[in-house]
Amino acid sequence: MTPQTTLVPGNSLITDTPEAGRALAIKLARLSIKATQPDADVRDQLRPVYANDAAMLIAIGQTIALEFATIAQANNYWK
Amino acid sequence: MTPQTTLVPGNSLITDTPEAGRALAIKLARLSIKATQPDADVRDQLRPVYANDAAMLIAIGQTIALEFATIAQANNYWK
Amino acid sequence: MTPQTTLVPGNSLITDTPEAGRALAIKLARLSIKATQPDADVRDQLRPVYANDAAMLIAIGQTIALEFATIAQANNYWK
Amino acid sequence: MTPQTTLVPGNSLITDTPEAGRALAIKLARLSIKATQPDADVRDQLRPVYANDAAMLIAIGQTIALEFATIAQANNYWK
Amino acid sequence: MTPQTTLVPGNSLITDTPEAGRALAIKLARLSIKATQPDADVRDQLRPVYANDAAMLIAIGQTIALEFATIAQANNYWK
Amino acid sequence: MTPQTTLVPGNSLITDTPEAGRALAIKLARLSIKATQPDADVRDQLRPVYANDAAMLIAIGQTIALEFATIAQANNYWK
């Protein structure tokens, strides 16, 4: 039985494809925010703030790039 | 048949050349933004905002550098 | 007897699972803040500031990604 | 015949010296900006903005450091 | 006789434990600031500025994470 | 005869000690700024701006950490 996780979906960094690895990177980034701000209502209020702000969208892109670097290495770049 | 992808074009980090690797880095960065802000109209409105802002252009450059680091390693630096 | 630690819980980067590694990354990030601002009252006052600010939440997410990269490598990606 | 490149000069990360590697890092950083903002007139207008802004110069320095990390590794640190 | 150092305490990245490695990361980060702003009076004036600013505390946390990544690798993650 | 360099002092990443490696990291960071803003008068005017600004000093510290990561790896961490 897989233990319940709240920070790493499936409790693994291994994915079948780069596409799935990228999706995991996005999830990890989102779950970091959730761990820091557990109130769903607050997160719902913040979503339109960053989703309409170019600088914040870029910063989120940097987070995804950082998370993906780790996931890609864990998967030996799916080679 | 290659499955449809929305985050990693071609579902692979492997490219023939550094030039193609760099182009992939730019695409990955753009697809991160698209995943976070799926509304094409909003993205169209934001484009002139960051494309005319020096600080945001620099931040985008940092994202590309981060994405390229992963792609370059995946390709063993095309050596 | 494990010596008392204030910066690295358990004085180790090794964890059983990715989920535990991610939790450690979050703790390391928080303990950095604590080391820089040791006054608990000040930290309590700052918490609602960053927890309700989209840009700061994103920046915290970048820190967690950086810490996790190190922890993941220490654990050979739990492979 | 080397194909025309717009993102990686010479379509290679390999350089003879660290000095040349550093120059390549600067070029890669500039070409990222050019890819995001292809209008030379706009880039000309933005140059004095960032060249006289301490925070932006520092951010450019971070980009160069990131690009150089990849180039240095590609060249096995010129050892 | 160990030569006097101002940037790397003990002139070594090797530490006995992760906790000591983390403490070194914090020291390296502080000594970078000192090298850039050698005036102790100015640094004293700036301390309450960043110690009470959530965004700056987060940025310091990012620096510590970056420094620690290097130290952890130097110590083979204390495995 | 060593060729003249403007970006990497001594045209090498190899140093005798961590202390010397750290000093090189600081020099590389400064030479990036110089390459982007070659006018010494402008740089002189910007120095008090960033040297008295906590956020910019922190950002410079991040640059130094990034540069040092590459130099430390080039020197196999002086082990």
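When the chains are written out, they are named A, B, C, D, E and F in that same order, and each has its own residue count from 1.
One rule holds for everything that comes next: contacts are C-beta pairs under 8 Å (C-beta built on N, C-alpha and C of every residue); 3 or more make two chains touch, one makes a residue touch a chain.
Here the structure is a predicted model, which means the values were calculated and not measured.
The chains that touch both chain C and chain E are none; no such chain exists.
The two sequence copies chain A and chain C touch through a face in which the numbers common to both fall below half of the numbers used overall. The chain with its C-alpha centre at the largest distance from the centre of chain D is C.
Per-chain CA centroids place chain C at a distance of 32 Å from chain D. Inter-chain centre distance (chain C to chain F, centres taken as mean C-alpha positions): 28 Å.
Of all residues in chain A, those that touch two or more other chains are 50, 55, 59-60, 62, 66, 69, 73. Viewed as a network of touching protein chains, the structure reduces to one closed ring of chains, two contacts apiece. Beginning the circuit at chain D and passing next to chain F, one meets the chains as D, F, E, C, A, B, using touch as defined. In the complex of the two chains, the chain A residues touching chain C come out as 3, 5-8, 11-14, 28-29, 31-33, 35-37, 42, 46, 49-50, 53, 55-56, 59-60, 62-63, 66-67, 69-70, 73-74. If you check the complex, the residues on chain E that touch chain C are 17-19, 21-23, 26, 50-52, 54-55, 57-62, 64-66, 68-69, 72-73, 77-79.
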